[in-house]
Amino acid sequence: MNYRKVGKWGLKISELSLGSWLTFGNQLDIAGAKEIVRESFKNGINFFDTAEAYANGMAESMLGEVLKEFRRSDIVVSTKIFWGGNGPNDKGLSRKHLLEGTWASLKRLQLDYVDIVYCHRPDPETPIEETVLAMDYIVRNGLALYWGTSEWSAEQLEAAHKACKELNCIPPIVEQPQYNMLVRKRVEEEYKPIYEKYGMGLTIWSPLASGILTGKYNNGIPENSRLARFPHLRKHLEENGLLGEKVFKKLQKLQKIADELDAKMSQLAIAWCLLNDNVSSVILGVSSKEQLHENLKAIEIKEKITEDLEKQIREILEEE
Amino acid sequence: MNYRKVGKWGLKISELSLGSWLTFGNQLDIAGAKEIVRESFKNGINFFDTAEAYANGMAESMLGEVLKEFRRSDIVVSTKIFWGGNGPNDKGLSRKHLLEGTWASLKRLQLDYVDIVYCHRPDPETPIEETVLAMDYIVRNGLALYWGTSEWSAEQLEAAHKACKELNCIPPIVEQPQYNMLVRKRVEEEYKPIYEKYGMGLTIWSPLASGILTGKYNNGIPENSRLARFPHLRKHLEENGLLGEKVFKKLQKLQKIADELDAKMSQLAIAWCLLNDNVSSVILGVSSKEQLHENLKAIEIKEKITEDLEKQIREILEEE
Amino acid sequence: MNYRKVGKWGLKISELSLGSWLTFGNQLDIAGAKEIVRESFKNGINFFDTAEAYANGMAESMLGEVLKEFRRSDIVVSTKIFWGGNGPNDKGLSRKHLLEGTWASLKRLQLDYVDIVYCHRPDPETPIEETVLAMDYIVRNGLALYWGTSEWSAEQLEAAHKACKELNCIPPIVEQPQYNMLVRKRVEEEYKPIYEKYGMGLTIWSPLASGILTGKYNNGIPENSRLARFPHLRKHLEENGLLGEKVFKKLQKLQKIADELDAKMSQLAIAWCLLNDNVSSVILGVSSKEQLHENLKAIEIKEKITEDLEKQIREILEEE
Amino acid sequence: MNYRKVGKWGLKISELSLGSWLTFGNQLDIAGAKEIVRESFKNGINFFDTAEAYANGMAESMLGEVLKEFRRSDIVVSTKIFWGGNGPNDKGLSRKHLLEGTWASLKRLQLDYVDIVYCHRPDPETPIEETVLAMDYIVRNGLALYWGTSEWSAEQLEAAHKACKELNCIPPIVEQPQYNMLVRKRVEEEYKPIYEKYGMGLTIWSPLASGILTGKYNNGIPENSRLARFPHLRKHLEENGLLGEKVFKKLQKLQKIADELDAKMSQLAIAWCLLNDNVSSVILGVSSKEQLHENLKAIEIKEKITEDLEKQIREILEEE
């Protein structure tokens, strides 16, 4: 396993990492979650990502239960605060919810501190100075060692860094955006000045684009598959051009490259994310040890992707 | 129940809220106080306001006793520090009294932190930098999430924000002024630049002007009524033009509008406060469940007040 | 008892206060110390001053033992750090000694915090930024509510305030200088800009000039008196012009004024200190209840000193 | 024993001090370590230096075990963070390792705080603002009273002080470089502006240049000696010109001076370090009481070195 710096900062995380979204507390019970975490750690994964929103806090509780088995400094644990419940102050990036949410997350995780607290989304209803001062409180009081953002625009990140400077607050070091072969613009274009000016790193989610990049939807939506079960997600993907003929055509071409590399399409997709130097870690969502090992092989596949091959892939992705 | 932001800030409070002034520890014993708080919460009220001065701390003790029943993040609790006793350092906004007062209030409230600590009055005897640094201590040490002021002039608020900026202190987010149909100048005129420049919100007290806006004094001071029992208050109201023929004339005209809306005069008065967008919450002082429900109906009445009707009311209030 | 603000600041202390220098742990055992403290408090004294150096910490231990009887917010307790022992780091205003000294003092005093920690002397061997940052740590961590200095020059105070501004540190609010009819220059002249620019208050020591202002040395040094027992002190006083014919001549004239006021010379001397508005409190060193009551009468004497009489006294003091 | 200020700062340490590198947990078991520490303290040494890296934390554990016998304020304890293990985040000056490393060191040392935490090496992979903010956290949360650096270049120190100023962080007060008769450039030339601008002190290590300055290698590498056992070290010394004919020639001349002073060559070497006023303390690595006493005599030898003799030594050292 390779460990990458989070942007310019000193924290080091495994280039593949384990998320708990949609798996912990859903597909995985506590026994299954423990098994996956242990197997991940055994294979060099040191970064474990969760959120207060995942399975209504259950994902944190399950993760906390198994993390006790490791030496604290051997792991990097993150959680994300934004959706903590249905009450008027359970949502967003107010000082009240950020502090109460973090306190509650730490309790569920059975930890004194997490390594990173992410602001899970931007909150246009809360002034950036309130959010920045609350995150500063969290870091300066030892509830977290670092803080980050998730799905913030470059403009919002600029505003955050500006407020940090003005208020003498500790700035965010990492963004957690969606990034994959089909969703590239923000990471590859919009964030460019952010990398240069602030040295922020990226921990990216959805490397398989909700499973589309496994190729399993190329021939229609199989019964019982995620897209069959969540029509809302399907609609969202269609509207954003992630489903449909144009995409499947690209996927068929990519499949050929995967075949040449003796790789599964999903492995190629993950490997491709790792080619981006601004990516500190690709967060995997796996529901079995087999799937974990399958995904881990992406590291080897990445080594096989020549510059020429990378160019070919890029051209396929950019076809109209 | 609607929840409003406290000015531009991320904290959200119910537009009607429960105060404990003159009721907790006076008209209400612990059983009565518990009943009112539970009923308020059940009806969507999430903001509970008290002060060290109310019933010599007894109001806080009673409130604390019942607040234990709720999830901490579901409620927004505030207290106010200024009058804590008769000793030389029990009063005002010195660092000594602000810290000792807050520590004592938290103990009575059985809480680790309140959401808001208000400076209950301005203290011209203490330099603003001392007060601002002490409030900053309170927020940065987690004794309160936010701080506010009560009955400060716009000029005093300007001075506070200026000192916060100079000393890198966290600024106040909310003022608690008196506001009602008969006392409008400060909220509607004096504070204008404060809303714009600092985004402060308002939690307003005395929406019924010591009961005058219920109309019960229109035909003289009834025996055993509050004004009969407190001649000092009566004199104060008279001197400030809140009692007397001029006022009663207006009230008679307003009563007609209330009748048209199928509302009690008190409901119209509360509803009218809610029309002001700078008001985050109207603090109610109620001594029975019946009165609480009567007041809560103001929300429906507010919906019925057309722009035209609002204009009519304003004209009545501005008659000489 | 009158309570005065400490300079421009919000803290209020009794204009006469109780010191523990030379009495607690020397002339007074624990029973005696308790009696004096209780009697002082009963008579309105709320300010109790001590130091780590007094009786090698014993003064603090004795004071702590009796202070437990009072409500914490009713009293203002100060200690002073500088001479804590004989080790290389037991002396002066280094961060190490200031923090270790304060921790040790609080333990002896059995308090969570004192109201004021004084830097007992200036320390030219430690840079002012180190001292200022350490005092800021003490205040921002709640070990003291305020900090002050003792026997610093105006120039040193200027340097401290400048460093506080540059390093965003909380500034000192009070100086503790010697001040009495015979030692007036620093308080009356040197500190003038300090009062104006920084609003510092004064808690003054030695109002009786080591007993000289009781008049008991006018006719020579009595056996067993303090000056007889401490020849070093005697020499020091002589060198500074506090003993000798010139002084005794003045004292004889002042005695006449005292007689006119029906006061003891010592009462006149204390009363005279109280005439200075920059003095927040006159620290008394008493070894018996009788002496305490005698000194307390200075407050009444002060009321009798007309402007004209004050002028007469001043002229006597300024005679060559 | 003389105590010197650490640069311009208020902390005072013995000019000879006890290190635990290569001895504690290696040549010395717990009984031996205790004996050496007690004997050092008895002879006036108050400064005890260790590091998380020494004997994999064992040096700290052993030191902690014996330090319990002393009054905390009588001793000055330092540790150094950089190499804490083999995990991805166990090394360097990231916030994660600095905090986790310091917490672990304090546990092993059984202390609430150390006097100084050193950044054991510069870390070019971590931005200076991250390191400086983490060290500021350590000092402002009372884990250490001061912080320092070890083997940083003047340029790196400049960058650290600049970042401290910009971020309102407490600056480092001390560097721990190698310094001895054979390695002089950094301390005597490179750091000059650092002393003047920032008043940093030095606690220097390797005063005997890995034993070369004892003269024991003058006639070849004895069996079982340190250089025989560590060929890597030998190579390193040779490459840096610390071994070889040129050096031995100088040593023979210096031996003559030592003889004249009735001193051992090692005593002369230590004494010579003490001549440098920028050196606050020379850290000794001793494995027996005898060696300790032998080294302590360097203080007397230093007194015998006249200005003329110092000049002679300097000329020998500067011979090509």
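Read from first to last, the chains carry the letters A, B, C and D; within each, the first residue is number 1.
Assume contacts are C-beta pairs under 8 Å (C-beta built on N, C-alpha and C of every residue); 3 or more make two chains touch, one makes a residue touch a chain.
Quick caveat, the model's predicted, so the values are computed rather than measured.
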Identify the chains adjacent to both chain C and chain D in the sense defined at the top. none
Quick one: compare the interface residues of chain B with those of chain C and tell me same or different, with half as the dividing line. different
Chain A onto chain B, rotation angle from CA fit, given as a multiple of 5 degrees: 90
Greatest separation from chain D - chain, by CA centre: B
CA centroid of chain A to CA centroid of chain D, Å: 44
Where chain A and chain C are represented by their mean Cα positions, the distance between them in whole Å: 63
Please set out, as single numbers or ranges, the residues of chain A touching at least two other chains. 168
Throw together a list of every chain pair that touches. A-B, A-D, B-C, C-D
Touching residues of chain A toward chain B in the complex: what are they? 84-85, 87-90, 92-97, 99-100, 104, 123, 125-127, 130-131, 133, 137, 141, 167-168
Chain B-facing residues of chain C, complex: 3, 5, 8-14, 46, 71-74, 76, 115, 140, 142, 145-146, 168, 170, 199
